[in-house]
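Take a look at the structures below.
Shared between the two complexes below is chain A, which has chain B as its partner in the first and chain C in the second.
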Partner chain A sequence: MIARVIARGRSRLERREATAAWLFLAPALIALAAVAFWPLARTLYFSFTDATFDDPSNYGFIGWRNFTDIAGDKLWWLALRNTLTFTVISVALETCLGLGIALLLNQTIPGRGAIRAAILIPWAIPVVVSAKVWEWMLHDQFGIINNALINLGLIEQGIAWTANPSLVMGVVIFIDVWITTPFMVLLILAGLQLIPEEVQEAAIVDGVPWWKRFWSITLPLLRPAIGVAVLFRVLDAMRMFDLSYVLAGNSQRTMTISIYARNQLVAFQEIGLGSAASTWVFFAVAMAAILIIGTLRLDRATSR
Partner chain B sequence: MTEAIANTRTTRKPSRYRWRRRARKTGMVAAGLLVLFYTLFPYYWAIVSSFRSGSQLFSSNLLPTIDFTHYRALLADPVFTRAILNSLIVAGSTTLISLVLATAAAYALGRLNFLGKRAVLLTILVVSIFPQIAVMPGMFELVRWLGLYNRIGSLILAYLIFTVPFTVWVLTSFVREFPRELEEAAIMDGCSHWRILTRILLPLMGPALASTGLLAFILAWNEFLFALTFILSDENRTVPVAIGLISGSSRYEYPFGPIMAASVIVTLPLLVLVLIFQRRIVSGLTAGAIKG
Partner chain C sequence: MGSVSLHGVSKSFGKLDIIRNVDLDIADGEFVVFVGPSGCGKSTLLRLIAGLVPATAGEIAIDGEDMTEVPASERGIAFVFQSYALYPHMNIARNIGFALETTGIGRAAIRTKVEQVASMLKIDHLLDRLPRQLSGGQRQRVAIGRALVRHPKVFLFDEPLSNLDTDLRSEMRVEIARLHEELGTTMIYVTHDQVEAMTLADRIVVLNEGRIEQIGSPRELYRQPANRFVAGFIGAPRMNFAPVTATARSETVRLTGPGGLDLGVAGNWSATAASIGVRPEALSLATGETAKASGELLRVEDLGHEHLAYVSIADDLVWTARVEPNHETQRGARVGLGWPDDALFVFDGEGRRLGAQAGMRG
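On to the complex of A and B.
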């Protein structure tokens, strides 16, 4: 009898708690519905229409034609190839560099705190500013980098880093590595600090050489942290817009899928076509997410 | 004789060991300096260049000279000062709105038990990976319908798409870490959840709110794509776009001096705050990711 009363009381408390929880969540969820899910749904809807900006309320349905039009556009495939090249190379470089710096910061060296603070700077300044600062440093005539290279006798005359079409993608990747390596360092460092010291100490006592300790202890234990960091960075790189846009505008050498979609929408004023391109971007990013999360899951399942 | 050999043995071994340790240490310090140079030099060079005008700008002298020409010109330029004001309003409002929404949501997600919590967390995580461009056509329509096109209100609205998931995620991980004992007595006394949140947790959340708010503010302050697309006229521009659009008065003039000065003006105050809140920012940035 008493047990039943208590049970009933508890279930009422639980119900009250659940109601309170949804009330507390409601404002944030409504906001997300309004600024994320509704616009996304409208984008999907518009991609089946021939809407334009001249008269956005007057449009007709044209089925899959926008999607096939985009798929038939050579520029779209070029933009996709650029985006994938950029993503794979810059994330790979950031991971290696980030891992190296994180390992260094995990040691007790003088000035560790200063480096840890300094590393936040590239992360905290706007991409536009980073792009402009590097553009200035890489300037063909007055840039400090060409100047240094000439003084060192490595080159005869200044290299037009950002104007040379075959170099500009490399420059974009180089700057992106500078901007986002701090994020990698912080995530990998947090992962490193989760590894119990005893494991390393036991291996040191047993006389295991450092490279072997790194390869068979540190790296496997870091895998979850690196996996999450890579996931975040890949999804971020796949939607990159500002760095390419500020450095090279609409140059085909660095055009990403986001720039391509924005051009359809803003430059050509085509809502339907732009929406279809945006939807393709969404699917490309979603595919990347599913692939990486799947790999991480598989990884976790087999290592256990 | 044997004694001498034994002696050299015992002395040589530690000294070799010490030498190796010293070499290792020197190598690490050198690597540390290299990292410091790599991360700091570009920003240092931006500051140095911002204080040089005329032909001085093209000098490769690494030591700074002081010349306020660009700063004076920029602060007298109504477009630039207006851009700073716009950015302050946009980033400030977005941050404030997100913090209010996220504090309530984080209390529910970090403290209360209910069916569907995992689904909500997953939904919020999914929104944070939405490419901005994918919601842009729909957002365009929404912004026009609300009459916000070419007004900074459009940005306050649009930026919620990344500040809300981010602040909810980070604040939830902060709220989870507070000891449970805090509100147990209050629950026993029959306190409402609203009172527990506002009277017990909120007073303790000051530092968490400050660091999360700073991160959200930086995200909004730095945003470029929406700001470029939803704002047409110069007087409504935000800082990143204004810097992106600075150009010389002729094709042959290099506007890098003013650009560097503008970059320093809009980043230095934030960098000082970032350095002050350094530890909390790092834990805010990593907490969500590692636990998620």
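On to the complex of A and C.
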């Protein structure tokens, strides 16, 4: 009897709490629906149509044809390969560099605060500005890099870094590493500071050599932080558009899947095909995210 | 084997002097406890011995070998932290055996040693768990096991029991005493807990503001404190003090002070006396002739096994007396306090204790 009263009372309280929870969530959900779910749904919808920008209101459903068309396009696969090459190499370099710099900055060195602030500068500059600055610095005739290399006697004449098809992907990766390493440093540094100093000291006193401390203590304890940083960076890199586009436009050497989708939509005015390409991009990024979260077990590692 | 000696050791962080010119010799197999108020530098002194912080000046030798410039990892010591500092991602077996992994003795040998230590500390059933699955007391046992397994020359403990509750603390205290007896290894132990210091130590080092105030056995520190600081720091509840004025007479010195204090002390050494001290356990409620001081009884705390009476002998001077449980005095009443002559400690203006014989108690 008493138990039933309590049970009924609790369930009413629970209902009230659930209502309150939904009320609090509502603004965020509405905003998300407006800026994320709705556009996503529209894109998905249009990807099954033959709509074009000439007459957007006049279209018919064509089933999976847009998707199969793109899957049969050699340029799409080239763009995907470029994107994956760019993602794997740039994120790998950024992680290694970020880890190295974070370890250095974690030491008690004079002026540490200033260095930490200074290292963020590349991250704070808009990508388009950075890309333009580097484009000029790498210019084959007026660039400061070529100038320095010539003065050092390393090369005879300026190298056309961004115009040379075999070099341009390397340049894109280089600039991306320059821009986003600070982001990696920041996230890994935050992870480093979560490792209790006494755990390291315990290993030092116990005579554990530095490489073993790094490999068996620092790295495993940093895994959640590095995992999150890599996840962010991979998702970012998978949909990279601006850097390639500013440096090399539609060059097939650096065309990413985002540039490919943009071309279908804007350059060729194909709403249906462009939407399908965008949907492919979405799936590619989602797959990457699932893969990383799964392999690193981020969901569990961070909940500790 | 594991002697430790410090000569003129100082440590400054910037302009802040944490340790000032410390000389200390610890014999092999000794159990030495560093005590002192927080911020006195006792933990820093331990970290200096460990090599976790470099000394600003002075020499540190372990086993007769100069270790001042030797990194912590090569000093052959083990350190037990207050926070346990276990490796959170390794199971207990690996936590204990981790330091042995680079010694090249092989997995099987490591396993044997780990199991040996674990059974010694009664944690052998926990070897496959992670630190976060253990209670505080179990974690501290693992931390001690991690130290034991390496057979260090010296064990350093930095407030190892401070994070444990009272019951576990006394249990682990007994455990550490047993380990010291069994191993006979030098142990240096930092604590702010007097009970730990008094029960574990062969010798106690009392530190204050980075200096050694006194070194001695627990009994020496209690009965013959070198100065007012040590007298006040060792013993709980702490010693009662009162300022006095000394007037020299022919054979004795007359000491007068608040609460009607008027004592005749033999020996002209006490001519420079500035304050006196009496331990609460030496005080008793007294009347008439036997009362040496008097004041208003503020309150009596009933702690079960003892009663503590707070007596205000002057406006801003409250003395604590450990009294018989069956006293019948009312709050607010005027009471007299008495003590045996040999329970009196006399200090000079700089806080040094006067007359070695004055503080001797039977």
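What we mean here is this: the second predicted complex is superposed on the first by the 275 of 304 C-alpha atoms of A that agree within 3 Å, B and C clash if a C-alpha of one lies under 4 Å from a C-alpha of the other, contacts with A are read in each partner's own complex, and residues count from 1 in each chain.
The criterion applied here is as follows: a residue touches a chain if its C-beta (ideal position, glycine included) is under 8 Å from a C-beta of that chain, and two chains touch if they have at least 3 such contacts.
Values in this document were obtained by computation on a predicted structure and should not be read as measured data.
Asker: Scan A:A92 for contacts with chain B and chain C and give back first, second, both or neither.
Answerer: Neither: A:A92 stays clear of chain B and chain C.
Asker: Tell me which partner A:I155 touches in the superposition: chain B (first), chain C (second), both or neither.
Answerer: A:I155 sits against neither chain B nor chain C.
Asker: Quick one: classify A:L120 as touching chain B (first), chain C (second), both or neither.
Answerer: In the superposition, A:L120 touches chain B alone.
Asker: Check the residue A:A202 against both partner chains and state whether it touches chain B (first), chain C (second), both, or neither.
Answerer: After superposition on chain A, A:A202 lies in contact with chain C alone.
Asker: Report, in rising order, the residues of chain A that make contact with chain B in one complex and with chain C in the other.
Answerer: None.
Asker: In the complex formed with chain A, which residues of chain C make contact?
Answerer: For this pair, the touching residues of chain C are 50-52, 71-75, 77-79, 81, 83, 85-90, 98-99, 101-102, 132, 143, 146, 150.
Asker: So in the complex, the part of chain B that touches chain A is made up of which residues?
Answerer: Residue list for chain B touching chain A: 25, 28-29, 31-33, 35-36, 38-40, 42-43, 45-46, 49, 57-58, 60, 97, 100-102, 104-105, 107-109, 112-115, 117, 120, 123-124, 127, 129-142, 144, 157-158, 160-161, 164-165, 168, 192-194, 197, 218, 221-222, 224-225, 228-229, 239-241, 243-244, 254, 256, 259-260, 263, 266-267, 270-271, 274-275, 278, 281-282, 285-286, 289-290, 292.
Asker: State the interface residues of chain A toward chain B in the complex, per the touch definition above.
Answerer: 14, 17-18, 20-22, 24-25, 27-29, 31-32, 34-43, 46-47, 56, 101, 104, 107, 109-112, 114-122, 124-130, 132-134, 136-137, 139, 141-142, 144, 147-148, 178, 182-183, 186-187, 189-191, 194, 225, 228-229, 232, 235, 238-239, 241-242, 245-246, 257-258, 261-262, 265-266, 271, 274-275, 278-279, 281-282, 285, 289
Asker: Show which residues of chain A lie in contact with chain C when the two form their complex.
Answerer: Contact set of chain A toward chain C: 196, 198-199, 201-209, 212, 216-217, 220-221, 304.
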